[in-house]
Each structure stands twice: as structure tokens, then as C-alpha cells.
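Across the two complexes that follow, subunit A remains constant while its partner is subunit B and subsequently subunit C.
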Partner chain A sequence: MAQHVTERDVRDIAEYARIHLDPDEIVQMTVDLNSIIDSLKPITEYDLEGVVPTFHPIGSLSNVMREDVEVTSFTQEEALSNAPARQDDCFLIPSILGEGGDR
Partner chain B sequence: MAGFASMGVREIQVGLASKDFSAREVAQAALERIAKCDDEVHAYLEVTEELALQAADQIDEALASGKSPAEIGPIAGVPIAFKDNMNLKGTHTTCSSRMLESYVSPYTATCVARAIQAGGIPLGKLNMDEFAFGSSTETSAFGRTHNPWDLERVPGGSSGGSAAAVAAGLATVTLGSDTGGSIRQPGSFTGTVAVKPTYGVVSRYGIVAFGSSLDQVGPFARSVEDAALTLNAISGHDPLDCTSQPVDTDFTANLAEGAKGMRVGFVPAFMEAQGLEPEVKAIVEQAAKHLADAGAELVEVELPNAQAAMSAYYVLGPCEAFSNLSRFDSVRYGYCDPGHKDLGSQYEASRANGFGPEARRRIMLGSYLLSAGVYDKYYYPAQQVRTLITADYTRAYEKCDVILAPVSPRTAFKFGEISDPTSMYLSDMFTISINIAGNGGMSLPAGLGADTHLPVGVQLIGPQFKDENMFRAAAALEQVYGKAPLAPAFA
Partner chain C sequence: MKTLEEVLQDWEAVIGLEVHCELTKLETKMFCGCKLEFGAPPNTHTCPVCLGLPGALPVPNRAAIQSIVLAGLATNCDIEKHTMFYRKGYMYPDMAKNFQTTQGPKAFCMRGHLDLTVDGRGAKERLFWEDLAEGETSENMTRTADGYVAHVGITRIHMEEDAGKMVHIGGGEGRIAGATHSLVDYNRAGTPLIELVTEPDLRTPEEARLFMHKLRQIFLTLGISDCSMEEGSLRADGNISLRRRGSKEFGTKTELKNINSFKNLHDGLAYEICRQAEVLEEGGKIYQETRHWDPSKKHTIVMRVKETADDYRMFPDPDLAPYDLSDEFIERVRAKLPELPDQKAARFERDYGLSSYDARHLVEHRFTTEFFEEACAEAGDRAKELAKPLANLALNDISAYVNAGEGIDFSKTAFSPARGVALVSLLAEDVISSKQAKEVFAAVLEEDKDPDAIVEERGMKQVSDTGAIEAVIDEVLAANPDKVAAYKGGKTGLIGFFVGQCMKAMKGQGNPKLINELLAKKLDA
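Let's look at the complex of A and B:
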């Protein structure tokens, strides 16, 4: 099987995706991703010269606009109802930079 | 009230109209059956008893005021339940994930609202693969659902709870969602009628998104007519989903027409596909013969790029999922790992511990595929392949009105039997190209496999926004096979 991603790559991808992986999970994820990416090979082998991509399954649609009128939306209380942590009317988060500065 | 479990929509409505029973009695019978049987099946994650009885009482009031069930709505008095990626205000909507374990919906999805508006009695929320990533419902964080036909086997997935509930008579109809086969494959595994309409027929507003260009909501039922009535209730344009279309089709309109004069496409290459079990092949061939006997004309068609659909899907699906699942930030809602002193480590720990292994794998894959330098190698070509697959279908439908194909290459497998992710992905080989091209497909129960004695569905695939074609062919086949029975252990 071809090596598409190294353990180093997988560590980087996990960082972009904001998912913490332990060292043993990095090893397994590298194996899994290489196997899956290998199975995607057919997509790289088609002659697609000049083929226009389809980004949406229903082709002939135009953008839809609505009248710019006020409609009821969530109250602040509803919007905050599932927040894991809140302070007064705000979502509460820990320090963005952390105690020791940026990572 | 006796015999509720095997009743269809019409039988319930006839009983309501003739006052044989009340909607409240229907709701109570359904709730009692869930209490009695769902321990074995585990289709439900939450039972909404109060909402069910409330809805039933409203229907009884409307009936008492002189309205007929049909005037109340197409599924008036019909117990219905929803896949747990569908928001229903005040219920948990977990997507079978720890990430959303304590999430309570502050609003209701359009398809759910319409189903209740149409008289449906909401029984609860149904198990699924975590975030719909899977084909067996084994990846649910809240336990696996058992196939009512054989409790040692999976019900399919990702809408496994929706399928199992209907097969075991724990709901009359249910809603599921299908991104690559997640309605049709569990429909085949559990012997239920399972419909993925054309993309845009049903609003996706309020459904937790997986692949936004692929996801579509559809019904499970034990008859073609019940599925059509349910789709009538939930379809049509919704200002809250700009991809939903002004569809006003009555999907029951041509159910009685029969197959005479229909042109039914048959794809020879599908029947030679590697992995297609002989018992499934035999049933698809037999279905073709039944349609021909009913007066349909069988036409050979080709879908030469269908085999590329698998790899296109496993590029597009994870990319869209990666993007959609970036919203889980441990701040606005969802799981928050406690005790972190900076936001970065809170994000990373919350997403690591909130998402299960398959969700993490797909997010990682999507992140990789969309990264600089890799995008041009996989994502862009996948969208080009999409053009080829769509063109294949357009060409095929010049020669036919509907295509007949397998749903799944095999019948339901045992728990743990398929553990390798790439092998699991193969179970969607005949369903994926339809999501890629955006047209509709449905699984119709066509008897039991000769070897495994488990349900086998055949797939009917219609052109975009001609979903009535597949309903018509399915109804013709149902004349031969009969309506879908309850799983024997639950009959």
C-alpha cells in the first residue's frame, strides 16, 4: 500500500481539524487514512480533460432571495440554552491565549 | 387496541373514521408496544410520550368536530418516529453521538413539523450511526440497534433505528436520511419500503448536516402507499432551505396504474459486480421478470461511470462532513471537555472525546482532502466525475422511465462481521451514484434470499424530480410480493 500520509502529516491534520490524538491513535489513524486514500485511487486515474465540475446535484438552479422583512428568531435565552458554560447573556470560554501565551 | 402493529395508514384512518378506536388509543397502543418490544430491538433513543398523546388528543378533537382523517392530513392518526438527526423542539437530538448527548432542540426541523402538521403522532427519536457515518448503526454511541428479522444481525445504516422500528411494528412510518444509501440499505436489510427522494424534494432545514450536497430525507413504511402518503406530507418548498423545490407531486397518484407500458432500465454490468451475492442477483432478476410479466418493457442501459461513484463519494462525503462538523466548538452547544485553561486545548479535547472513531476518521480524511496541493488531486476530479455520472443517468433515461438495480450486494450481516472501514463502505456500492447525481431511489422488499432467508430489497431509481415513476413501478411489484410483513418474531 502506498504511503500517502506519514504520522507527522496526521499530527498536522489533527491540529487543523482541532482533534487531539494520542500517540497510539496517531499510529492507527495513519494506517486507516492510508488505506482509505488508497481506495480513492480510481478518482485520480480518470481522463477528465475538459470536464466541467458539478458542485451541486441539481444543475439549473438560480440563487433564491427573499423579501428583506423581519422575522422572529431565537431569543437570547434560547440561543444560550445549550451553552456548556455561560456568564450572564454571553457564552463563556477559557482564555484564548492560555496562561502561558499562545501555543 | 388489538392489531395495531400490522396496520397501515389507511387501516388506521378507516378505524378512526368509523370510531372503532380513537387517535389516543392508537398512540397508547404504539407506546405500549415500544415499552414491551424495544428492549430487544433498541430502535428508540427517546420516546416522546407526552408529545404523542398531545398530538393524538388534537386529532381526536378534530375528528369530534366532524373532520375526516383525510381532511386533517395525509397521515392523520399515524404513529411516526424520527431519526435522531432531526430536530424536534424540546427533545434530545443526539445524532447518536456523545458530542450532542445533552443537546435539547430549541426548534423543529421542517420535515418533522410537516409530518406532525399532517396528523402524524410523534413517538420519538431513533438510533443511527454516529452523525450518519456508517452502514450498520454499530457506531452509535448509545448502543446498537438489532435487526428484527435476526437480533444477532445489524439493521443496516445509518438510518438503522428508522428501519428496525417499522420492521418490528414500533411505528407505522418513520423518517430517515440518506447521504449514500442510509435509507435504502437499511430498508433492504429489514424488508421495509424505504425512499430517498430526489435531492430538493424534502427540506433539509433542521436536519443535522452530513454532506449538504448529498443529504436527503425520506420515509420508511410497510407499503408503497404509506411511503407515498408520508412523502406527500413532508415534501415541497421551504423558505428555510433554498435547495428545496416547489414540488407538489401527489406520490400516490399513479400507484394503481401498473407497470404496463413502462420502460424499465436494467444495467447488465451491475449484475456482474464483484461482491454481489447470488441470492441478491437472483431476486433482482426475478423482479425484472415480474415487471416484464406485468407489461413493462425491459431495456438494457449503461451507467459506465457508476463505479467511479464510490471513490467520488468517499472524497465528497468526508470533505462536506469535515466542513459541517467544524461547527462543534464546545462553546455554543455540544460536549465540552472540562477543566481546560485555554480555548485551543478545550477545542481539541472536546472534539477528541465528543466524536467517536468513525466521525474522527471522516473529519481527518476531509481535512486532508481539502488541504492545499491535495484538493486538486481528489476533490476537484470528484466533482468532475459527478458531471459524468449525472450525464450517464440523463442518457439512460432517454431510453427508460425507471431503472431496476440491487440495493445492497448482500443481506444483513452479523454484528462485528465487517470491521474494516473500507469493506464497510462497499455495502453502498449500488446506492451511492444516485446521491452523487441527485435523483431518487427506493428499496422495495422483494422476498427473502434463498441462502440466508433474510430480506432482500430491489432498488427502483427514477429520473430527477420524476419520483412518481419509481413509486409506480414499486406499486406494480408490490402486487406480486405483497405488502412488507412485520418481522416474524414481532408479528
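Let's look at the complex of A and C:
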């Protein structure tokens, strides 16, 4: 089996995805990911010259839109029902480091 | 630190803007039917889609897509028919699904541009335009009679969604520094947001300010957003780098955030340009980082070192079907395009004979535009004759009044367009002097009465009776024979003295134009 991704790549991917993997899980995940990529190998054997890439898994659907009309939202109680902690009708979460994100 | 003027002698600033605008005029969010409402109780407008619950399926808001196409058409963009939504990795708790839905390499609107007219004090920030002949173009600027036009490219406008709101507690004043916990309100999560990205075509802080101002006027005219910089429905980030004059290479850029007013945009960019010049001139290095403008301390501080684009892990959103906009869809939106500020200004010049300066400044604010248009309609056949004084009234007295009071809605004051026409008519017919007109303007606002009534009550009528004025002149000349002799001997500057004496004798109510004319006639006879 070819080595498409290394254990280091897997560690980086896990970090991006905020998924914790133990060292033995990283070893196993590296084996699994390489075998998944191997299984896609037949694609490279087709002659795809001039074929338009498929960017989207939804085949023939397009322009799906809804009208700008309000529908009933959750009640505040429903919205907060899964919150591990709450305060002042908000989700109470541990402090994050860094300032917000990019928008 | 050197001043902006000194820095720009040696360095060229290269500025691009990223402008976010919430589509606040819509009823519902981008991908779900939750209501858009500023200031609602926390977490009362949420659903499985905007809370990112498993299995929830987003459906785009048709009115949001129409709004962005409208914005694209109004900023000379090509409308891209084949586009789709992407997921952008976003690991912050104000977006519960851990990604932001946005657009990929192709946005709904691509390759637009806006032209900025820069003159007066604002033009001083840019160098070398005076070396061009009128009408001549160099790089992205074209020389005009008293300034230049900057042609600013728009890379794209894409559709995305806003995040929720976080309040940080335990650190004092809601700041994140030292905070122990945060409170999250998801009402704003999923608000339709358009992001406009310019080409790095701006060269001065003033051009950046004018660009934002113009864009805001356009979006307000389109009616897609309330565009409030204070409330955050219109936000600007600036990208700035410097290069030595004559160099074509771009320097390393920094990104400036926390800009919530036009003044902050200008001052923040000006500071950052000067800061970068100082670092570079001392042999230092500019790091690609995000900096935060602190208007009270008047400096920028590092927020964080910028992540690379790869970290966003963009990929097509499998839950959202791609777009294949029809010509019919685009044309239906185009039919809704209102008259834009530039077109309005051109019409004011054409129909009312206003100068381009007056026309341009009238359309800069809604209250001046509306007042002028309604007053011209009110003036009917005399609109062309009264247009110039009406424009002066709007740009001077009304602007000063509105600027002096925070958040005044001028259309709700006692000074209606009809009263404006009455006031400038009194002035045009020489019934009152321009000084008296200012008093009447203030009195109308104060007492809610018609200008004619105020003039009548206060006995302000200007005396334009030739006989009466001549009688006063004769008295004044008779009382000052030495000065008359001096005048005739060549001291013609004494005319001012005589006018003053006549005005004094008439308690300020003489028509100064007429007094001048008649005095000159008598003295030069």
C-alpha cells in the first residue's frame, strides 16, 4: 500500500478538525486513510481529458430557494435545552483564546 | 513618527478594503426562516439550521440572492450565473455548526468597479495628480479640473452569513482579555451578509473613506441594509502595505479591524501607514497580521498573526444545490434598480444647471437629496431658477443643523421643503438679506411658522425702495464731506465705510446690493 498521508499529516488533520486522537488511533487512522485513498486509484486510470469536473454532489438540482417568509423558531427554552450551562438566557461557555474569527 | 504627508512623499500606500454588509431589510435569515431582528431577547430567533443541529437542512433565502445581485449590478459587476456555496472551517463558538457557509472561487458578483471623485482637501493626500493635464489618465486616476477621479476595481461580492454574538465575562467591560467565560446569543447567527472585496487600488486614507461613503450611499439607495457602522450592519476591514515610490512590488500587508466610523477608517489607515513607514525605515520587517485600531489611544495593536488561507479548508457545501441563475432572474432584478446617486447627481446638473460639485454633495446624504428634490418639485416652474439657492440651503444651513444634532431626522422638523422654497424666494426677490435668511431659517425651526410670517412679525423686510435708500445716502454723504472728497481723490476703498453708515442708519434693513449700486452711482457721478 502506498503512503499517501503520513502520521504527521493525520495529526495535523485531526487538529484542524478539533478531534482528539490517541497515538495508537493516529497509527490506525493513517493506515485507514491510505487504504481509502488507494481505493480511489481507478479514477486515475480513466481518460478524463475534457471532462468538466463535478464540483457538487447534488446532480441535477439547482436554484433551490425559499421565500423570505418567517417560520416559527424554537422557543428560548427549546433553544437552550441542550446547553450544558446557561446564564442570562445565553449559552454559557468557557472562555476562548484569541479574538473572534474571520468573517 | 512622521506625518502622513511626509510618509507619502517617499512611500506609496496600497490599500484594499473588505466590506461586510448585513442585509438587515430582509425578514428572515440566510438559510432558515428565523426572523431577523436587532435587539431581540437572547436566543429567541433560532432553529435547528442556525444552531447547527445534526441533520438540519439549509435552504437559501431568495430575497437575499436578489439583494446581492442588485448590489452587483449597482457596482458594475458581472453576475456569475454558475456559482455555489462552500463551507469554510470556523472553529469559534459564535457559529455553532463549526463552519461558515460562504462562496468559493466564484461569487455571485465578480469584476466590478466604482469611480471616486476626489477634490478639495481630500485630493491633497494623493501626489502627482497635479502633473496631469485635465482629462489625462495615469494608472488608475484621471485628472479633473480641481482634483481627480480614482477608478477602483471590485474583485467580487459574495454571499455568506453572520455569526452570533458573544459577551465575555469575568474580564471587565466585556473584553476577552482576562475573561473566564463567554455568553453566546445565536439570534444573529445566519444573518444574510454580503462581503465586497476591492482590488488593491486605493492609495490614500481619503480614497478609502470616500469609497466606503459611496458604497454606503448605494446600498442605502438599493434599500438592502440600514448600513449602520455603529451597530455593525456595515463593517470595513482594511488591508495596507507600503512600497517605495516607483516600485511595482507589493510589500507585506497588515489587516486593520475595528473600524466603526468613516473617521476611524481614515485615521486608522493613516496611522497604520505611518507606523509601517517607521518600521521599514528603521530596517524592520512588517509581519502579516491583524491589527486593531484603538480610536481613543490613536494607535493600532496586534490582534493575531494571520492564518494562511489553507487553514479554512473550503469545500463545496453538499447540503446546498449549486446555482444556475437564468437571464430572466437577473433581468427581473435589474428592473428593480433605483436611480443611483451618481445618476441622480448627473440629473441634477442636467435638469437644474447645478455645478457638479453641488450635485455630487447633494446626493451624499439622504436628507439633502430628499430636501432638494421635494423642494424642486414644490417650486414647480421656478425650480431651475431656485435650484442653486435651494442647493446652498441644503448643503450649508440644513447640513450644519443636522450635523450639530445627533441623529436628527430633518424631514420631521418644521422646516419643510415648501418652507424652503418660500425662504429662498424671499432671498431671490431681495425681500431679505442672506444674513436675515439665516435668522429666518433658525426661527422656522424654532417656532414652526412660515418664513413670510416670521419676516412680517419681526419687521425684517429688507428695504429695497430706491427712493428711501437714496434719501439715506444723501444724508450720509452730507454728513461726511471729508470722506467724500477722499473717495473722489482715489480712496475708493471708502465705499465700504459709506455702505456701513447707510446700513447703520437703516438699522440693518437696507438692501446691501442696492445701497452699493446707488452709492457708486452717486459718488462716481
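Keep this in mind: the second predicted complex is superposed on the first by the 83 of 103 C-alpha atoms of A that agree within 3 Å, B and C clash if a C-alpha of one lies under 4 Å from a C-alpha of the other, contacts with A are read in each partner's own complex, and residues count from 1 in each chain.
Throughout what follows, a residue touches a chain if its C-beta (ideal position, glycine included) is under 8 Å from a C-beta of that chain, and two chains touch if they have at least 3 such contacts.
What you are looking at is a predicted structure, and each value in this text was computed from that prediction instead of being measured.
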item: Contacts of A:88 with subunit B and subunit C, given as first, second, both or neither; value: second
item: Contacts of A:69 with subunit B and subunit C, given as first, second, both or neither; value: second
item: A:57 touches, of subunit B and subunit C: first, second, both or neither?; value: both
item: Of subunit C and subunit B, partner touching more subunit A residues; value: B
item: Set intersection of subunit A contacts, subunit C complex versus subunit B complex; value: 16, 18, 55-58, 61, 63-64, 66, 74, 79, 91, 93-96, 98-99, 103
item: Interface residues, subunit A side, partner subunit B - complex; value: 5, 9-10, 13-21, 29, 32-33, 35-37, 39-44, 46, 48, 51-59, 61, 63-64, 66, 74, 78-79, 81-85, 91, 93-99, 103
item: In the complex, subunit A residues that touch subunit C; value: 16, 18, 55-58, 61-71, 73-76, 79-80, 87-96, 98-103
item: Subunit C residues touching subunit A - in the complex, by the definition given at the top; value: 20, 26-28, 32-35, 41-47, 51, 59-65, 84, 89-95, 98, 100, 160, 162-163, 166-171, 176, 179-186, 193, 195, 292, 303-304, 307, 311-313, 316, 318, 320-326, 329
item: Residues on subunit B engaged by subunit A in the complex (per definition of touch); value: 102-104, 106-107, 199-200, 213-214, 239, 242-243, 245, 307-308, 310-312, 314-315, 322, 326, 330-336, 340-349, 351-352, 355, 360-361, 363-365, 367-368, 371, 377-378, 380-388, 390, 420-422, 425, 435-438, 464
